[in-house]
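Presented sequentially are two complexes of subunit A, the first with subunit B as partner and the second with subunit C.
Coming up: the complex of A and B.
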């Protein structure tokens, strides 16, 4: 009995090794019946939650939208072809992301590759995209390095700005409020000790100081912290009107709930990633109103409203109010660039993305130095919508509500 | 004869990058990387039966060293510094913990990974105020492949030497019965510490060499505990007490993981879990040992008939 199972296991190993070797054979017949798009996305591991909110649903929606409209027209070949998807799980590891892209580019020979979720993973896959000449439209990477990266990797496009954009916009917005006399001069910052929190606090601390704010609290807390009572009770005694947390999703929710419990209700309550998530109002209840955070949308845009509807209908959840629309817009840019080139010529497509102007759900977009510079930076929940208060290129969609309504005590 | 064969194999493998495409080369890097880690792991943990889950702590230290120093020092010096850091940490950790045995050691090494990761995070957050670091070195996949190949050859050579030498024998005695070993006059702690340090330095170098492949490094990327578990399971599959055992575990398992993630992206974790259970139940001593016992049983049966 045991002999048999051992042998079976060994045979299984042999078969799988053989299969791996066979799958290494290149695809010979390249019959073009579809435009083949590949992506490796975090379906498991720590990045799965973020990918499942901002990235994957938009990939699914885009493919659905394009295919329902008949596909993408390749005028030079005289055909309109639907999109066919090859997807992998990168298991939230950089090593797997890199290898999955190598596999997509050289084994599956896909026409185009969509990037994975998150700053680190997009930076880690940059050299691989570049080596194979695939355009990389990073819709969920926040990095101040973008101007340097585009010089290094000509096919990379950075769509979500850098830490400085968000931190400086927030400070500028608060300066106005202070000068108008609505808030005092004291600010408290708590940041998650991880890439995002550090990047933003590094940009925000000098910006606040230069603007003449008094930083009475500026500390980090470890990733994975769930009890914020010590932070909140310390900050509550400092007399600040402005509380800023460069936080991550679980902390963002915990900070909200625990501030309500402690009845710490500063005039400006700003949180990081997660504030813009569609589930935030569900978690914060009536207290979501007036909370500020990173991102934002234009509540008056009809294109965006239609996008929200389609997204909710297909995925069963609304998009987030920051990176989702940008991610979808980056896919629209990609599709339009392909149609203008009229063929799967990745060099030409990259050049078109870099220089062309595109019609997207976030308006007319033209990249500057391979970067999307038209971004919502500060948002606030007002009447059930996470409206943009500050934008890098235009005026805010709404005026900030300061002070925010006092917390409704938890029942 | 054996050495000639080994040399021929090494030279042949060194020419792989000249004809292999990027994807096979990527696989090669993965296989070599895990081959090095599993062999280094088994060098200490095989004979002593101390299951160490600290592999990725040293691996990550190596990667971080490269990330921190790659802009200021020439690359070979960076590798040397990484090895020294690995050695120092291994000595400190070894002195503090090798008196632990059994499950306490396992738990400690697992905790060590988290400790190192948190210390690095703390340092980066509070002192340098950067968390992600960039590694821009002019090293392509083929360079990483060659370095890993050299490291694997050195690791196997070292493992071979340990098996032949007194220290290897001493280590096996300790693994079988520490009380007997101490009565025989073996200096238990020193022996274990020496082997533990060698094994850890190799792991540190493996991390340092692979760092340029990722460009961007942050604690959550390089201190991924899954790596430690994979290394253990690979070494166990192949047989941690044989020279080529860990390598023979690393190669098929790595290819199998790759095949699974290419073909069953949505069921990968489930299949992986079942596989681990199967390995522990069906092949507790590794493929090589199972093969040998099968062989002896077959030949005995033949002798009887």
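Coming up: the complex of A and C.
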């Protein structure tokens, strides 16, 4: 146990008082050599894999793109400045994220802070962003609470929709297939007993029932499950045409491989996070074709194709087909908002993000109540691309292929 | 249905046993509570992945490279890092505490190196993912292989430990490291050897697991936790115990998932674990059988 002496406390108070006083000093234009952006991201721990696919590469790409183009113009100060980055590892814990954001805001005095990866961590860091008045552009948080959150935290922006968006879009798509007679009425759902799986299945179960589907299997499995043989063998015997798993990446891959081994090949095979990852075709081999999942992209967009190319060139890996483009678009929104305001005035930047219309790689977007409502909800692997089948605002990019091709057994 | 569930369960249990056997040697004989154990497994998985995807060496042949590498690396880790700790502390409690702290640091070193080389993304390849039909139950060949290796290593090492002179020496060190020198046993070198064998087993587990599980640089702790449960349940330092405990866990998980609810597998695992701890705190095959 450590004892904290009065002297230590007084010293600490002195230091923090000084820090507060210093942080209050205005940064003069001539002192400014860069726009300082800070972020804490999971580089180690269980979230590192997700952050390393959807978030960090996009931060790197955006900084590279902006700096190559000369920087961001602050018209009120009459300068164009490059971005300078301060990065911390939050070690996949929410407390560490919050601590790092506090540090970025009070010690490093960065101009803007980018959020960490994941729904939970973004919810946890919301109050901190709010307290220091930094805009929070949550590009990888899926939450149905977003409409309430934006009232509580005025500077928060939620870019990836909520569980209902994805679940209802999937059900609507399947209703069409059923009414056309391509699939039967039976659906099996397996979902991971963790944030994402719970949210999605909570939204999907009533939606399926209301649409008149018969849910013959609706169970959860614990986080970290690696063997799905019992689930697959039970579901295989139930005569379903539609298998839905609200799964995390390792489960998504395991479910695919084990379904192939068990030769369980339903007409609609829908999986959760990970289906949209660029490595999915590598893992599933020829069997990725026809698999549906959460997310999707517009395969006809030139801006997006160029983004894919730049991303791959810089990071050595393609972006994922769901949150990556949204994350990058949120950064484009941020840069455009700064330029329109013409100064690092966080209050004005937040107001501009909230009300302006922006030109991004996912098209022209305007936030609705601080939320991005222009989202791909259901995707399917077709000819090597994870194409969007359903979108919240416009028609799908492609028609779904149902039934999906039968599994090709491994050689 | 029941038969199929039992078979699937045994095969899953084989993976658990395979992954845990190395830890039981390291903990039981070398008295090192190796928190970096799972990261050695992941390192071996990366090794197999690189050999397979970059050099086209199939993982079974790859084992011939990765297992000796696991042995050598663990030997080195013990000699450089853990031997001073073991020499310094002659009582078990002290060494346990020290080794936990030291290997906790090692965990981050291995993880950090893997992150720098491979990044944080998910890695996966598929090998022997072909269905094998056993009396009407379809099982993936690679999982069957894990089961076979677990049984082979488990029985083989158990025979070595109980039937050979060298095995007796190892057991002497495990039973009483303070008195073993009195009969002319070099405790340092035996412990180092046992630790290295544990590392080799971890490497074998890592290679097999990489054939069917998606892994990433930061996933080691999952394997450490699972292995720890199996080791404690089976009785520290007892290979047959690890084998039995692994198979029991696999069976229980699969039976619960098939007949009750897949959501309760984790609960069932810990319930069994708790029951064993209450009834037999020394583990299923605790001291008496050693």
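What to note about this one:
Just so we're on the same page, the second predicted complex is superposed on the first by the 381 of 411 C-alpha atoms of A that agree within 3 Å, B and C clash if a C-alpha of one lies under 4 Å from a C-alpha of the other, contacts with A are read in each partner's own complex, and residues count from 1 in each chain.
Convention: a residue touches a chain if its C-beta (ideal position, glycine included) is under 8 Å from a C-beta of that chain, and two chains touch if they have at least 3 such contacts.
Just so it is clear, the structure is predicted and the values come from calculations on it, not from any experiment.
Shared-chain residue A:253: touches subunit C; no touch with subunit B. Shared-chain residue A:230: touches subunit C; no touch with subunit B. When both complexes are overlaid on chain A, the residue A:124 reaches subunit B alone and has no touch with subunit C. When the shared chain is aligned, no partner comes close enough to touch A:166: not subunit B, not subunit C. Contacts of A:193 after superposition on the shared chain: both subunit B and subunit C are touched. In the superposition on chain A, contact is made by A:49 with subunit C only, not with subunit B. In the superposed model, A:407 lies in contact with neither subunit B nor subunit C. In the superposition on chain A, A:222 contacts both subunit B and subunit C.
Residue contacts after overlaying the shared chain place A:94 against subunit B, while subunit C stays out of touching range. Subunit A residues 43-44, 46, 193, 220, 222 lie at the interface with subunit B in one structure and with subunit C in the other. Of all the residues in subunit A, the ones that touch subunit C in their complex are 43-46, 48-49, 51-53, 92, 190, 193, 219-222, 224-227, 229-231, 233-234, 249-250, 253-254, 257-258, 260-263, 274, 277, 279, 282-283, 285, 317, 409-411. For subunit A in complex with subunit B, the residues that touch the partner chain are 2-3, 5-6, 9-10, 13, 16-17, 19-20, 23-24, 43-44, 46, 87-89, 91, 93-96, 98-100, 102-103, 105-107, 119-120, 123-124, 126-127, 131-132, 145, 152, 193-195, 198-199, 202, 220, 222-223. On the side of subunit C, the complex with subunit A involves touching residues 4-5, 8, 12, 15, 108, 111-112, 115, 119-122, 124-126, 129-131, 138-140, 212-214, 216-219, 222, 253-254, 257-258, 261-263, 265-266. The touching residues of subunit B, counted against subunit A in their complex, run 21-24, 26-27, 30, 118, 121-122, 124-126, 129-132, 134, 136, 213-216, 218, 220-221, 224, 226, 252, 255-256, 258-263, 265-266, 268-269, 278, 282-283, 287, 290, 294, 297.
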